[in-house]
Structures are given as structure tokens and as C-alpha cells.
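There are two complexes below, and they share subunit A, which is joined by subunit B in the first and by subunit C in the second.
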Partner chain A sequence: MSDAISALPGAAFEGAVRVEESGLQGMITLRGDFGTAKLKKAVKDTVGVAIPATREIAQKDGRGAAWMSPDELLLLLPYADVTDALGKIDKALSGTHHLAVNVSDARAMFRLHGATVREVMAKLVPVDMAPGAFAPGQIRRTRMAQIPAAFWMTDEDTVHVVCFRSVAQYAFDLLKDAARSEGRMGLFD
Partner chain B sequence: MSTRLATGGRLLDKGRALEFTFNGKRLKGFEGDTLASALLANDQMMVGRSFKYHRPRGIVASGAEEPNALFNMGEGGTFEPNQRATTTELFGGLTCTSQNHWPSLEFDVGAINNRLARFLPAGFYYKMFMHPRPLWKHVYEPFIRQSAGLGKAPRDRDADTYEHVYAFYDVVVIGGGIAGLLAAREAGRAGAKVLLMEQTAHWGGRAPVDGGTVDGQPVDKVVEEILSELSDMPNVTLRLRLMGAGVYDHGYLLGYERVRDHQPADKGPRHRLWRIRAAQIVTATGAIERPLSFAGNDIPGVMLASAVRDYAVDYGVSIGDRTVVVTNNDDAYLTAICLKKLGLDVPAIIDARPHGASQLTEEAKALGIRIETGKGVAKVKGGRRVTGVAICMQAGEGSAMEEIACDAVAMSGGWSPVVHLWSHCGGKLIWDDEKAMFRPDVDKAPTGASGEAFVVVAGAANGALGLADVVADAHAAGQTAAKAAGHKPKKSAAPKADSPSENAIAPIWLMPQGAKYELRSKAWLDYQNDVKVSDVQLAAREGFESVEHAKRYTTLGMATDQGKLSNINGLAILSDALNQPIPQTGTTTFRPPYTPISMGAIAGAARGPIFQPLRRTPMHGWHEENGAYWEPVGHWRRPYTFRKMPGEAIETAVAREIKQTRDSLGLLDASTLGKLVVKGPDAGKFLDMLYTNVMSTLKPGRCRYGLMCSENGFLMDDGVVARLDEDTFLCHTTTGGADHIHAHMEDWLQCEWWDWKVYVANLTEQYAQIAVVGPNARKTLENLTEDDISAEALPFMAWTDITLGGIPARAYRISFSGELSYEIAVDAGQGRALWDKLLEAGAEFAVTPYGTEALHVMRAEKGFIMIGDETDGTVIPQDLNMEWAISKKKDDYLGKRAQARSFMANPDRWKLVGLETTDGSVLPDGAYAVADGTNANGQRNVQGRVTSSYYSPTLGRGIAMGLVHNGPDRMGEVIDIPKVDGTVIKAKIVSPVFYDPEGEKQNV
Partner chain C sequence: MLILTCPCCGVTGEETEFHQGGEAHLKRFGPGSSDNEFHDYLFAKENPKGVHLERWRHVYGCGKWFIAARNTVTLEVYGTYSAQTTEPPKDIRDRISAKVPGWSWREFA
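Let's look at the complex of A and B:
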């Protein structure tokens, strides 16, 4: 376990915003009926938050839950806690139709930080990044240039992007390109 | 000659002179010039040669509609052909050359075509080059390619960068003229989020040149006021140099921003493509003046009247000392008045209308300008430059009454609203007889998903030509758009503007009305593609009655300007020739982009390393460092083989890998294989429907190979399914099938069997998977684990969880090579670590990583099929003799019914066999086996085809699989397989299992 590595350990770039690979991040795909008390409790017990509303993400103390579809959540938690958490979820939901799997290694994650993160993202994703339209607490599963990606903001200056592990290098190169300091357009100034 | 005036030039900063180079000549202009105005200021009237006849051509227009002034711009990595001088802002150090001439602009050999014009009418190429056939390829085409084309193709890689941006607005106003400004103001005042875009570098459009007053104020002051109000609105974004390129469904709009074409020394992207979603789009795109069709209307010095005015007012450039104005409407009088006031000579206004103009007549007369009504231009005199015009009666056939010496002709055939963006997504047009123009039919706007209009047209683009009409129309359009976007505009009165009263335009499409052939054949419609009035008339006579056909036959409107000047004139001529009203002829289709946009902008950032996503497995880095010769597999890169040393031949490397694997130990990175977890009480039932065999009876801990067919019965994927527990299965798919089989599963679960309790998750990338293959595979694993993996504990087609070198792993004992083989799955984050440990543990067995080609050859030696080789979307499992994998017991599975259809159950289908060449050579992949006789088309009959073919190093000969008519019943028969070189290979039909048919090697 100790020698697990993330997709691009230590990758970082300073441009209009800072882009860095986030390192190992525990992730669980949880599918089930959001309406059941058992599932609600399992989510709360695992990541400490209630099931988020459509296209939202709830986070608390380094853990969280993101809405992925009407019957799918992405649970965020420390990488080392995943195996344990999966065991507990399966126990809590035994007898209930559900699916909980570890997807931590299937993904790569990036953190973008800087005053113009909204503009950097607007160059890559078909999402309205205007302050009134997208805000911390929301999540989008979308397309980033030619790959699927999901992202959310934790504050006005910080965006987290998740993509598949195999395209981590492409995603990093894309983000670097969009974060070049020369291309600034003042879209949300 | 054209020259810079001592005064004027409202857009110039005369304090800042700029040097530039045209055809090697160093010239001077000012900041604020366009390349066109700067060339004209330097008396460079002639700017190129025409496409077909190589006639001298000059600048005609002052904006995006310019057909002639196209240049090769820049050098090396910034070279770009066909750049329009009228929309190119001048910058210091600009370098350009003219196009379409040899050896030089002044002396051009191709100009001989002009003398031969009579022999080069419309459709000439179609008629001439049909026969004899071989001459086209060897004589005509090379010749035409040499002489055709405008600019040169760039030789170097584009040195600039480009990008896209996604943006969202309530209202996007396209066009920053007075109409666009007013519409944006109304939408902005209503609280809508507004983007106002203008393709040029200046706000206000034509209004400051044409003048007039709004609410008693000069219009240029009004422009400034509105701009200042808009700048203060936080909900309004103003962008210059951003063109509305195309309007698409659902309010999707492409904007083309030329970020730093005017400041090439700046850093950052050169162009930016805006991918906009707008609730409402306002097209305030103005209007374009039409040329008049008279003989010699293409001689340098003949220009649109509005352009002559623009150059004088905006850039302080006079096109000539003596300018004759020719018109069929009042507007051109403004040019005469403007020039006269600047102290230039206007020998005459030739007005084709018997009654001339209204209010402006007096003003022109007061300035002493001679006005000739009911007259036309018989022909323009001059070659490389206008020297005079011959005047005739418009109603006549062109007998010259008088010649007037002049060095410029300002013509106006009326105005055509720019309806392109309105039309892109289905907006309809109506013909306005009174104004002689097509204008938007506001009742038939492009509509969105709800059936409501999402495009509103404003100002001149809507056919409102006078300032008063423009202002009122734009004010209303802004309110309409804001309201439609969900805002509540306050009621407010439109500003009041003054514009002179005008007499109606006369629909003059040919000058003079009865022009003889020799005049008509020198009256140009399309300057860029060299199409004349006589060509369109010929097309009509030859039966090209549809405007779309006539367009393609004559090439009218098919050049890079897409007929901005020529389309209306051309279809009017066509209508006349067909004796039908213009609306009956109709327009050709307006397609995006409005003007050509750069390839770079379309590509955006997608170039170099981010041209396309490249998928990498966790072991990709090792492969890269160890001589991987890559094979693209979808977006993945997989090692085809590993070259041990740089010089090693590919075939040698493949053979080495196979031999070493069969003899001792090979390693394969199998991480790309699809891995789908299927879980739920109905998972077994679900998989029984998806696979042709029964999966629900599989025991936890065991694996089973399965086939998946489409509803139509055709084989679409295969792979090994492992049952993880009572509720859970892990389905391996092919590499290419991972995503679409996942989608296939979700499709059936969401759309058909929505009440089945099954969840699917795609875990393809969660695991790195490594195949450990060969007689020493078990020993190697035993070096790394304490767990029991003996033949008894982990038999063939079983799986177990073990710890390998301290890493939790799942070992599947499955084989695609016929050897003792394990596929080991670990979390992707530890894939590389395990790979390294296996290399170390296998060192004593000379472990050999192998690539996809060795994998392919080994599976073919064993007669295993490969999706995409043995299948091509038309093959069913029965064709591959795989009845053993099709359950007879099941009531149903996807594809079952289709496979029962007569042509699927037909015993005559081609079936899988092995093919062994009699001479041991390798069959060409995909080659056909021929049969006697020919088919109805006279083609040789065929009886089979090669689906996989390799050199087998194990057997030392070529091996192949193929689908052959009645193949399994014809064992031992020899069939003929011709090669493309005409020789024939003879191949014996054999069993497709070439190696270890008893399966002894994997069963240990």
C-alpha cells in the first residue's frame, strides 16, 4: 500500500494561476437509492456530510460527497481510508441494492489556484464560469477539451479538476496551456 | 492617382507613421490605417491579378466584402495566404505580397487568358477537360493546378498559438454600428447580460462617415455617448475585433476574435474562437453596397461609392483627383458631395434613374456637380487604371454619347442587408421590391427548442437604410431581445434621427439595360472568381435554372468572399435570363463562417502534445524507456514490440518475444482491457441477456469466456467474466470496447430493463493489469507470494486474491496465448511497482516483456479470434464456429432472434478456417480468395477472405485465419488468393488451431 503513487506526482506549473497535481485522493463511487435512510446514513457516517443536491458537492474536514447522477455519488476521503470505508459501507448497506467501489486509482486530480481560475476554466469547459452562474458548492461533470472531467471550486480562487488517470498528462498540459499568463482576457473582471 | 489628403482621416494617428513592405517595396502608412488604405495612400491601386483571366484588379471595397485585395501575409512561421487588405490593420513591419501572377504583378504571363476570354466561358473546364480521359490526369490537371489558386500554401509550422473560450450571455449583439450600440443599450438597460461584438477595430460602423443627427446631436457624438453608457454597465461586455462567424442551433454562436493580428509582437494567442451560448442573438450586421454591372467595372479605380467615401473620411485617402459617381440610388450622392467638399473634382454623377435623387440633388447641384439622369456607363476606359468612362443612355444598348476623363469611378447599385447570420440557422428572407433587396422575414426567424425565435435583426441588416429607420428599428430590437431573454425592458421612446428624404432605388442589374455581348462579357459580377454577366446568362441558356446549379456551374459566389458583392447581382441576371421574378430564383444558401476564419482558431489549443489525448497505462513510462515501438489503440499507446537495442528489426523483436514467452516467461501490459463491475440481485440475469452463453451459473471464484452480440446478432465484443461474489461480476472487455460496452450496458439498463436491480461501474482505469505468461509463470509468482497458487488451488479459469511482493492483487488464471498464464490486477497506483517486481522475480527466467504483435501472433497460433480482425460488424458467432459459446437453453439473449433469421442461419455463410500457404509465405491481410466465374458486374467471384495473417516464429511459416464459403467442410482443399501484384498464393484450408491443439501447455 505504501508505494502507491498518483498519476503525475509533484507536477506543478506557475502561470496566470498555479496548476498542481493533487496527489493521492481517496474516491469511492457509490450507487444506490438516494431516498433510503440507510444510504443517507452510510454517506453521513463515511464522509460526514448529507447527500448533496443535484450538481452539488458537500465537503467537510477533508471529506465530501459529490452528486454524479440521480443514483451515483462520488465520495471523497483520505486515500488510506478507502478500504476501511468500503468495508463499512458494504456492511451498513448489506441487503440493500447498491454498489460501492474504489475509484481512487482510476482518477487524476488537479488543483488550480489564482485570481483568474474562472477564466482559465472557461477556455476549456463548456460551462458558464461567471460568478453568478457557478460557485463553490457546485460540481460539473463535463468535457474538458477532448476528455471527460469533473470540477468544483472550494473558494473563489480555487478549482479542483478530476479526470481519468490515463489522460493525466494531457489534462495537465491542457491546464498549463490555458493557464499561460499571456492569454488573459478579463472575461470576468 | 490615389493619394493621402492633407487633412482628414478620423481613424488615423498621424503622429505615428508605420513602415511596411508590399512586394518588396518599402511603403509608409499611419497607425489606424488598414493595409488597403495604406496601399491606396501610396498609389498602389492595382493589388492583384484575377483568378481566371489574370486581369489587373484593384481594391473595390473598404470592409469584409472586399474580393480583390488578398495578399500573402507574413513570412515563415507566420505566413498566411489570402489575407484581406481591407480588414488587415496596418502595423509596423508588415510584409505582404500580391497573389496570382507570374512572374510579377505588373507583367503577368497568365494575362494571356484575358485575350482568350472568349474561349474560356462558364463551364469551360467541365466541357474541355472531359476527353480524352487520360489527358486530365497527365496534362490538364497538372497545368491547371499550376495556374489556379490564389495564395500560396504555408510551408512552415504555424508559429502562433490559438485558443477557444466558452461564454454565456442573455443577449449577444453582433455588430457595433449605431444599430448594434442602440440594441445593446436597450438590452443592457433592461438588465440582460449582454455581449456586444464588433468585427473591426472601431465602434459606430458607417454612421460617423455617413453623418446625420440623433435627437439633435451629430451621430458620431451619439456613438461616443452610447459607448460610454455601455462601458459603465457591469452587465455589458464590449469586444472589438470579434466577428460573429456563425449562428447555430440552440443559440450557439461562434465568434472569431483576432486578438493580436494588429500587434503581432504581443504575446499570447493570435486568434480566439468564442463558443457562445446566447439566449437571444441580435444581428446588427449592417448592409453591403452592391457594384453595378457595366463593362470594365473591374478596372482598378472602379470602387464602391461607400468605399470611396470611407477612404476619404476615415483614412484621408483620395482614390483619384477626378471621380465619376455612377448610381441607381440616392446614397452615392453622399460620396460626390463628400469628395467635392474635400476639394476633389467630381466631373459628374451618372444616375440611371430618369428622375434622379431627392433632397441630395439640390446639395450636389449647389456644389456645382453635374448630374446626368437616365444615363449609364457604357464602358470604363483604361487597363491597369481607370482613365475615363463612356456615357450612354441607360435604356439603350450602350452607344457612347460622351467620354468623361476621370481616374476613379464610384459606383453604387444599392444596398444588400447582411443577412448571413440571420440565415445560418434557418431565418427566412423576403424580397423587398421597393428597396430592391432581400431582407429578413421577421416572422420567420431562426427558432430554438421551444419554437420561439432566438435571433432578432436590427438596423440596416433588417433593411432599414436611413438613419431614422435604423435608430428606431435597433431600439426596438434591443428591447425585443431583452424581453425574449427573460428581462423586462422599461418602455422608452426610440431616439429620433434625421435623414434626408430619398427617391426610390431603380433596380438596375445591367448597365446599360440592353448591353451588347461585348459589353456584357466585360461586365463582372464576381471579381474574385472572374464571373461575368455573360457567363450567368450562358448558364441559364444551358439549362442551369436553379440558382444553386448556376452558382456551381459558373462558380459565382464560390470564392473566399462567398459572393458578398456578387450574389444578388448574379441572381438578378439569372432571373432576368430565366424571365422570372427575383424571389422565384431565390438566394443560394448562406453558410458559416461569415468570412473565412483561420484554421488555427478552429484547432484552438489542440496542437503539439495536446493535439489529442494520449492515454497512458501506469507502465507507460517503463515502456517508453525500454524501446517500445508504439501502436495506437484508440487513444491508448500500446507497445507493439520492444526493441532490445536500437537497431533491432521489428520482426526480429516480435519473434524474440514470442519465442521467449513460449519457452520461458513473458510479461504483457494488459491494463487497457476494459473492466466493468456489474452488481446487483439481477446481475446474473442481466449478463445472461448480454452474453450469448450463461453467466448466471458461474461460481464465485471462477471465470468464463463470453461473447456479446448486438441486437442485430453481430458479434461486438468478447472477454472473460469473473464472478466476484454472489451479486457481483467483473466483465473484461476488449480495449476498444471498454467505453462503448459500458454505454451499451447502461443503455439497456436505463432504457429497457430499468426495473432490474443492477449497477454498473467502469473500473478500467482503477487497475493496472499484467499478464504473466509462459511455462515459468507460476514459479515467478511464487517468488513473490506466500499464497497458494498451485494448479489445484488456482486452476485454469479461476481467480483468487493474493499478495504479490507486498501488493494486494487479484490473479486471474486465464490465457490468450495458450501458455500457462496469469493476469494480475492491482490498483493502478501500484502498477509500475508490481511491473518492476515481476521483472526482478522473473529475471532468472529471462523475463521478456512483449507487445501487442506478439500477443496477436500467439493468439492466432492458438486459433483465438480477435474482435476487429475476425469480426467487422457483419460477423455472427456462428460464422466463427462458436456455437459452443451460445446457449441453447436460454430463452433469450441480445442477438438471438436476429441470428435465427434466414440469412443468418444460412449454411452458405463464410465460416472461419485456418489457412496454410503451400509455400509457407505470409498471406496479405484482408486478401480475397477467388472462385470461378464473374458476378453480374463483371467482377471476379470470391469465396472467402483473410481475416488475420502473421508469420509464426513458433511454426516457422505463415499462418492465417479466414472466412471461407463452407470452409469447415473443405478441410485440405487448396484455394487461390491473388495478391495486388497479380501473382497468386495457394493456401490450404486447415483447422484454425495451429499450435498445441490439445491445450497441454496451459493445462499445467
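Let's look at the complex of A and C:
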């Protein structure tokens, strides 16, 4: 079997904040009826958290579930565990209308870390990034310059961005540009 | 610039996060309909100067369709509501009536 590689292995930039490609990340798109006990159990068994509330993300021990739409979740788990997890999900949900698909290699993921991550994101997305308006634990799918992207914060200094792999370089260039030290604006200082 | 609230995910976002999908509450005329009915279904759209009901899709967000009631002149948005409805809900109609007395849009008023 060939070696799996992420979109931009090792890509990193040090500016006002650090921007780095996150490497291989297991991701499963799971669609179905959130109200069914079978689906709730499958999510819990796969990533160890309950189905998150609207526009929230739940994470625990390197796994997690993100609310993508009223009938879609993005499950996060170690890259090597995806195939096994998919088999179990399909078994658990057999006979129920659902869709579970491995999107790990169809996405790129970035991590931004630094005290001014809110300002960096505010330059790129039409989202109110003020403290209190957007908080760790929430996820937002939106437009990042010219591409669709989703992002969430794991703490006040860290943002994770997911986009399509085909636009990984564009996304990285955008984030780098927004993170340049010369570009500090002091928006939320 | 329109600010729309997606009733499916609750996000209030600006126009570029959404995509307009044409007139709402269309009655479909397909196989079995007359040529005139089919023609009107395809091409004869409302194009009002004022109150308009439109389909929108939260294309960069949750991906769902919904309906927006807005004014094409003032760009005021009266509200958004589920696409799984055949007519504008009463609270939306009341809000429009308060701003535009005597308005009508196809069979709705």
C-alpha cells in the first residue's frame, strides 16, 4: 500500500501567529437522522462524545464530532482508525437511512496558534470573531475569501480550519498572508 | 448587502455566504400539463419592484435551502422561513403588511 500523505506535509509559517498544516487527520462525514437512538449510539461508540448541539463541536481524547448541518456530522478520529470505524458504523446503522464516508484524504486541515488568532480569522471570514460572539466549542462553516471552509477554536489562542484538499495551497497562502506580523491591526487587543 | 438568517442552522450571515435560488412557492407543471402551463412554469416569473419571496441556499454554510421574504427596492429582509412550506407563514405576512400596507405577491397578500 502507498504511503498516505496530507495535503501540504510540514507546511508552516511563523508570523503574528503560527500557521501549520495539521498533517493526517481522520475524518468521516456521517449523515442521518440525529433523533434516532442508533445514530446517537454509533457516534458515541465511534468518537466517544454525544452528538453536539447546533453549530457546536464536541471533542475528547483526540476524537470528536462537529455539527455540520441538521443532518450531517464530521467525525474526527485518528487517521489509521477510519477504515475500522467505518465498518462498525455501517454495521451499527444497517437498515437505517444514513451515509458514512471517509473524507480524510479529501480535506486539508490547518492549525493557527497565537494570541491574535481571532484577528487573523476576522480578516478572512464574514464572521464576528469578537470574544463572546464566537467561542471555543463552536464550529462555523463559512466562506474563507473565495473558498468554503469550516473552523473552530479549541482554546482562546488556537483555531483549526478545515477545507477541501484541492484548495489547500490557496488556504495556506491566505492564512499566511493574514498572519503576517506587519499586518497586525489590534482588532481585539 | 443583505443580511440573512438561515432558519436551518441559525447563522446570521452576509449575502456572500448564501446563494439566491429564484422565485419561491412555484407550482410545478410537468408531464401532462399544457404547453402554456409548462412555459409559464419555466419562464413567467414574478419580478416585483417591492416585496418578493425567494429561495436561498446556505451554500457556504449548512447547505440547506430556505425562503426569504424581502424587498427588492429597499433591500429590507422581512424574515426567512422553512423551504418546506407552500405559503409564507402568518408572522412573516404580518411583518410585511406592517411595512408595506396592501402588498401582494402572486396569490399571497
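Quick note on the criterion: the second predicted complex is superposed on the first by the 187 of 189 C-alpha atoms of A that agree within 3 Å, B and C clash if a C-alpha of one lies under 4 Å from a C-alpha of the other, contacts with A are read in each partner's own complex, and residues count from 1 in each chain.
By our rule, a contact is a pair of C-beta atoms (placed from the backbone, for glycine too) under 8 Å apart; a residue touches a chain by one contact, two chains touch by 3 or more.
Keep in mind that what you see is a predicted model, and the values were worked out from it rather than measured.
**Student:** By residue count, is subunit A touched more by subunit B or by subunit C?
**Tutor:** B
**Student:** For A:Met68, is the partner it touches subunit B (first), subunit C (second), both, or none of the two (neither)?
**Tutor:** second
**Student:** Applying the document's definition of touch, where does A:Asn102 land relative to subunit B and subunit C: first, second, both, or neither?
**Tutor:** After superposition on chain A, A:Asn102 lies in contact with subunit B alone.
**Student:** By the touch definition at the top of the document, which applies to A:Pro126: first (subunit B), second (subunit C), both, or neither?
**Tutor:** In the superposed model, A:Pro126 contacts both subunit B and subunit C.
**Student:** Once chain A of both complexes is superposed, is A:Glu182 in touch with subunit B (first), subunit C (second), both, or neither?
**Tutor:** Only subunit B is touched by A:Glu182; subunit C is not.
**Student:** Contacts for A:Ser6 in the overlay, against subunit B (first) and subunit C (second): which applies, first, second, both or neither?
**Tutor:** Only subunit B; A:Ser6 stays clear of subunit C.
**Student:** Do subunit B and subunit C touch any of the same residues on subunit A, and if so, which?
**Tutor:** Residues common to the subunit A contacts of subunit C and of subunit B are 126-127, listed in rising order.
**Student:** In their shared complex, at which residues does subunit A touch subunit B?
**Tutor:** 1, 3-6, 24, 29, 31-32, 71, 97-99, 101-107, 122-123, 125-130, 133, 145-147, 164-170, 173-174, 177-178, 180, 182-185, 187
**Student:** In their complex, what parts of subunit C are in touch with subunit A?
**Tutor:** 8-11, 13-14, 16-17, 59-64
**Student:** Mind listing the subunit B positions that touch subunit A in their complex?
**Tutor:** 163-168, 193, 237, 266-269, 272, 275, 277, 604-606, 609-610, 612-618, 635-636, 677, 679-681, 757, 759-761, 763-767, 807-808, 827-830, 832-833
**Student:** Using the touch definition from the top, list the residues of subunit A that touch subunit C in their complex.
**Tutor:** Residue list for subunit A touching subunit C: 54-55, 68-70, 72, 126-127, 140-143, 148.
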